[in-house]
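Down below is the structure, laid out as structure tokens.
Chain nomenclature is as follows: A, B, C and D, assigned in order of appearance, with residue numbering initiated at 1 for each chain independently.
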Amino acid sequence: MLFDIVSANSAPLPSEPWWRVFYDFSSLTQSINTSLNDAMSPFWTTVTEMLIIGVLFLLFYAVVGLFLVYAERKVCAFMQNRLGPNRVGPFGIFQTIADLVKLLFVELIPIKNADSFLFNLAPFIVIIAGFMALAAIPFAMGLHAIDLNIGVLYVIAVSAMGVIGVLLAGWSSNNKYSLIGAMRSGAQIVSYELSVGLSIITIVILAGSMQLSEIVEAQRAGWFIFRGHIPAFIAFIIFLISSTAETNRGPFDLAEAESELTAGYHTEYSGIKFAFFFLAEYMNMFIVASIAATVFLGGWMPFHVGNWVGFNIIMDFIPPFFWYIGKTFFVIFLMMWFKWTFPRLRIDQLLTLEWKFLLPINLVNVLIMAFIVLMGWHF
Amino acid sequence: MDKIQLGEFIKSIDPDLEIKDGKQFTEVLVPSSKLHSLATQLKEKEEAQFDYLFCLSGVDYGHDLGVVYHLRSTIFNHVVVLKTRTSERENPQLDSVSDLWKTADFHEREVYDLLGIKFTNHPDLRRLFLDNSWGFPLRKDYVDDINIVTK
Amino acid sequence: MAFNQIMFILFSAMIIVFSVLTVTSRKILRAAIYLLFVLVSTSGLYFMLNYQFLAAVQLTLYAGGIVVLIIFSILLTSHLSKKFEHSGWKKNIFSAIASLAGAILSIITILDYKFSATSEVAKEVDMRLIGKSLLSVDYDGYVLPFEVISILLLAAMIAAIVVAKNGGPAKAQSPLINQK
Amino acid sequence: MEEKVKNITTDEQQEYVINMGPQHPSTHGVLRLVVSLKGEIVKNVQPHIGYIHRGIEKMCESITYPQIIHLTDRMDYLSAHINNEAVCLSVEKALEVDIPDRVKVIRTIMSELTRIQSHQLWWASFGMDLGGLTCFFYGLRDREKILDIFEETCGSRMIVSYNCPGGLMYDIHPNFQKRVKDFIKYFRKILPEYDQLLTGNVIFHERSKGIGKLSLKDAISYGITGPSGRASGFSCDVRKHEPYSAYDRIIFKEILFTEGDTYHRYVARIEEMWESMNIIEQLIDNIPDGPFAVKMKPIIKLPEGEYYQRVETARGELGVYIISDGNKNPYRVKFRSPNFVNLSVLNQIASGFKIADLVAIGGSLDLVIPDIDR
């Protein structure tokens, strides 16, 4: 069912070690579900569950967004021999909150001759696309909002919708820079979606499923990036590149290239509406990083090395949620590293990279991977 | 060519020109009608090849308006200074040399902007720094009571 | 009322309202956005039916693909301030008749059909099954339509490239001229 | 309205005109470029300047020569010391004053330090133009070290005004030599880091090679000097051709390339930083003893005549053309500023490239707007 919190197939097997039961969130979610069911009618149970999930996601979204802004500032400062924010709170951790408060109080400048309906709608579309993608991501064992059996496809589909918000923002601002930014962003995201999809499909072939929980489960014996030989690694690299492009981040941040287009599609936005775009950028980054972590790096699966039993047990003690978060932030750190060291590409080079290099490599890579799986050569 | 040879060379182009041996460079006083033809020859003659116009300045000489061209040859490294004047102050006109040296395009626009000298055959003679409501501030008779402190 | 019913009514209402808005809006980009809402609501219906693959395809192809392309072409060709003219009464009448006819036809068909109640739980469609039948050469396999569609798409792509190469940019209209 | 649309020719319909500036991140000041685009391709660039025109040439006509020096600081504020030097040399040449060797050497060292810090700032902002924000902080970090040296000796960091007719304002600080040597040692180690961050990057190569080609013929015709001109093969280094101060007693090479694209304009500047360090190293241990200034008359009056003095600033050839009528004020002062001339070529070399390239080309010309407007 759509609104089940619980995924049925992640129920623990009796032979599993105790920690697995302990760390499994499905027992918790199941007990919530049953107690709610006991207390009220099925209709109200569903409504309550929806509300709980909604509130949890909102909180998660806000916290992760704020933290990522802070993290980006610190990482960027580290790359640039600076200290970064260090005045508001210890180590400046409240800096983003202070910024948020400022953004809330900033005047929303009305744009003359702008299509105000679309202008106001655009940030919401971007934000909603992020929320929808978040729903399918397995955060830990038994902890996801919906476990669709086409989870990967769903995430790709939903994250593609964010571009509509960008296009709308650029068009409705009645600003030439914004329009150029939106055009660039459209061309860029539509192209790079192919690579994102194909590189994930490479792993889907290996996993034999599109269900994200099953993909994670299939990596119990080892992360796909290690098991899939070179093709999996190539797919990971391509995914990193193309997902960086899809989230409009440097060195592919052409849509908001500040040295050319001032701020691109969100030039005319101010206050909280700008904050939405700003937050959405970081959340998109978080989403693609968690997809990368889930599909390539084993999601919440701990790191195991062949026969090192002691090491493996120690790794098992680290809760799955931290594994997931750790991997996600590792990928996010990689993306920040790109952004702060590379110069920006030009639009034609960007499209050349996709259509002449990444896409052919990717297609061949898919074939090789299919062949490897067919012959049973993978680990 | 040194300064003397340069003087002789210019005499050979047009014997009527008045040549002054300045402290630094050979200076040639050119009537405005002959300016463009002399400049063309200085640029194109094999022995001269003044291909680099490194300075073009408009000067207000009191009753005359003039333009000073500093020319250099990147091959022979000799310099000549052309000076031309026009006594017309209301509608001063000189020939443009922007077809010979492209850098003259901007320089002449600057001179037009600040001194009001119009250059005929200039491709795009518009004011450069100031808008049309200003006078020509580099002229000596330009009066601005607010911004210029004369004392 | 069951939860599913409420959701169904909600989605249907969205589809109807936004469909009407799509055809009546005088601003072209707004029409495209209303169309997007219609398509997303439709995929919501599919999700309700537990037909997740179709729902995701609906989102990818229609919402993520076609609407983006429509918006993209609108961006290239028209300006913000452009509005459609009011259509004349003749057009209005004819389109009203046409849509009424369509509506009556659908309603008759739906009422005519005997929907038999079933107690079966909706089953999830396995991805492997879809994948296999897409590439199967059996009687119920889809490999032939799949290939035919691929050729069609290839032809469309080549055509697009040809159009773009032969004076495409020269004929394209810049958004600038409609700024008045 | 129908009529109007019909009258426009097809070509004009294609153009999408955007305003870059006066407030734009990549114009580095109040420069306004009216850019006609066809898609993303730049068809025409028209610079609109004058937003910070202060009429320095007019102001010079009513002040005395030592006062002019302080105005020249405000033209190309990154080459402030070299601009000062141009006016001082001009006055000294006119009065036929013999300048002590100490002054000459110190002026040369200061000029080269100025050149390095200017190129550092250029590198920083050029990296930023191309989207590599980290470059900005690297460049500024190292520039601070030179500015500290300036502050100690001149009392000011950017607008130094250290020269005066006849010599220098004050003697150098006792720490000067040590700190300069320390800096050279430090910067020799750090400059390869610039190459690692930007020069060696594939994206950077793609973005800059073959972009904005300026042929030698055009470079001479447009009068593009400085590293931008030398990247096209125009041998225009005033330090070499018409040595002033102490440039005649040192060995250095003029950085010349023939390609003339953005990449070589970039490399030319990086190489110039190395060369400047060589120059400083040759001089820093051999500063002769002696007075730091010659005594001049309290009121300087130039003999009647015309004086033209060229110097090599960080951006090219700065010419100071003074017409004197024998008074304490000049009759006419003309500054042939390198940036003004370099800007004029922008339309020629940026047309046909993309907007992103326009930004890169503009960055590689290294424009300083107050020097254009004066």
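Rule of thumb we're sticking to: a contact is a pair of C-beta atoms (placed from the backbone, for glycine too) under 8 Å apart; a residue touches a chain by one contact, two chains touch by 3 or more.
Computed from a prediction, not measured in an experiment: that's the story for all the values here.
K.L.:
Where the centre means the average of the CA atoms, what chain is farthest from subunit B?
P.N.:
When every chain centre is compared against subunit B, the largest gap points to C.
K.L.:
I want to compare two interfaces, A-C and A-D. Which one has more contacting C-beta pairs?
P.N.:
Of A-C and A-D, more C-beta pairs in contact link A-C.
K.L.:
In angstrom, rounded to a whole number, how far apart do the mean CA points of subunit A and subunit C lie?
P.N.:
So the centroids are 27 Å from each other.
K.L.:
Taking the mean of the C-alpha atoms as each chain's centre, how many Å separate subunit A from subunit D?
P.N.:
That pair's centroid distance is 46 Å.
K.L.:
Which integer distance in Å separates the CA centroid of subunit B from that of subunit D?
P.N.:
Roughly 25 Å, centre to centre.
K.L.:
What whole-Å value do you get for the distance between subunit C and subunit D if each is reduced to the mean of its CA atoms?
P.N.:
Centres of subunit C and subunit D (C-alpha means) sit 59 Å apart.
K.L.:
Spell out, as numbers or ranges, the residues of subunit A touching 2 or more other chains.
P.N.:
In subunit A, no residue touches at least two other chains, as defined above.
K.L.:
So which bits of subunit D are touching at least two other chains?
P.N.:
16
K.L.:
Give the list of subunit B residues in touch with subunit D in this complex.
P.N.:
For this pair, the touching residues of subunit B are 22-25, 27, 51-55, 57, 59-60, 68, 70, 74, 77, 101-103, 105-107, 110, 114, 128-130, 137-138, 142, 147-150.
K.L.:
Quick check: in the complex, which residue numbers of subunit A touch subunit D?
P.N.:
Contact set of subunit A toward subunit D: 76, 79-82, 176-177, 180, 250-251, 253-254, 257-262, 340-349.
K.L.:
Name, in rising order, each residue of subunit C that touches subunit A in their complex.
P.N.:
For subunit C paired with subunit A, touching residues are 1-3, 27, 29-30, 33, 36, 40, 47-48, 50, 52-53, 55-57, 59-60, 63-65, 67-69, 71-72, 74-76, 80-81, 124-128, 175.
K.L.:
Show which residues of subunit D lie in contact with subunit A when the two form their complex.
P.N.:
Counting only subunit D, the residues touching subunit A are 16, 18, 24-26, 40, 127-134, 136-138, 141, 197-198, 201, 203-204, 206-207, 354-357, 359.
K.L.:
In their shared complex, at which residues does subunit D touch subunit B?
P.N.:
That would be residues 49-50, 53, 55, 57-58, 62, 218, 220-223, 234-236, 241, 305-308, 310, 317, 319, 321, 323, 332, 334, 336, 340-341, 343-345, 348, 373 of subunit D.
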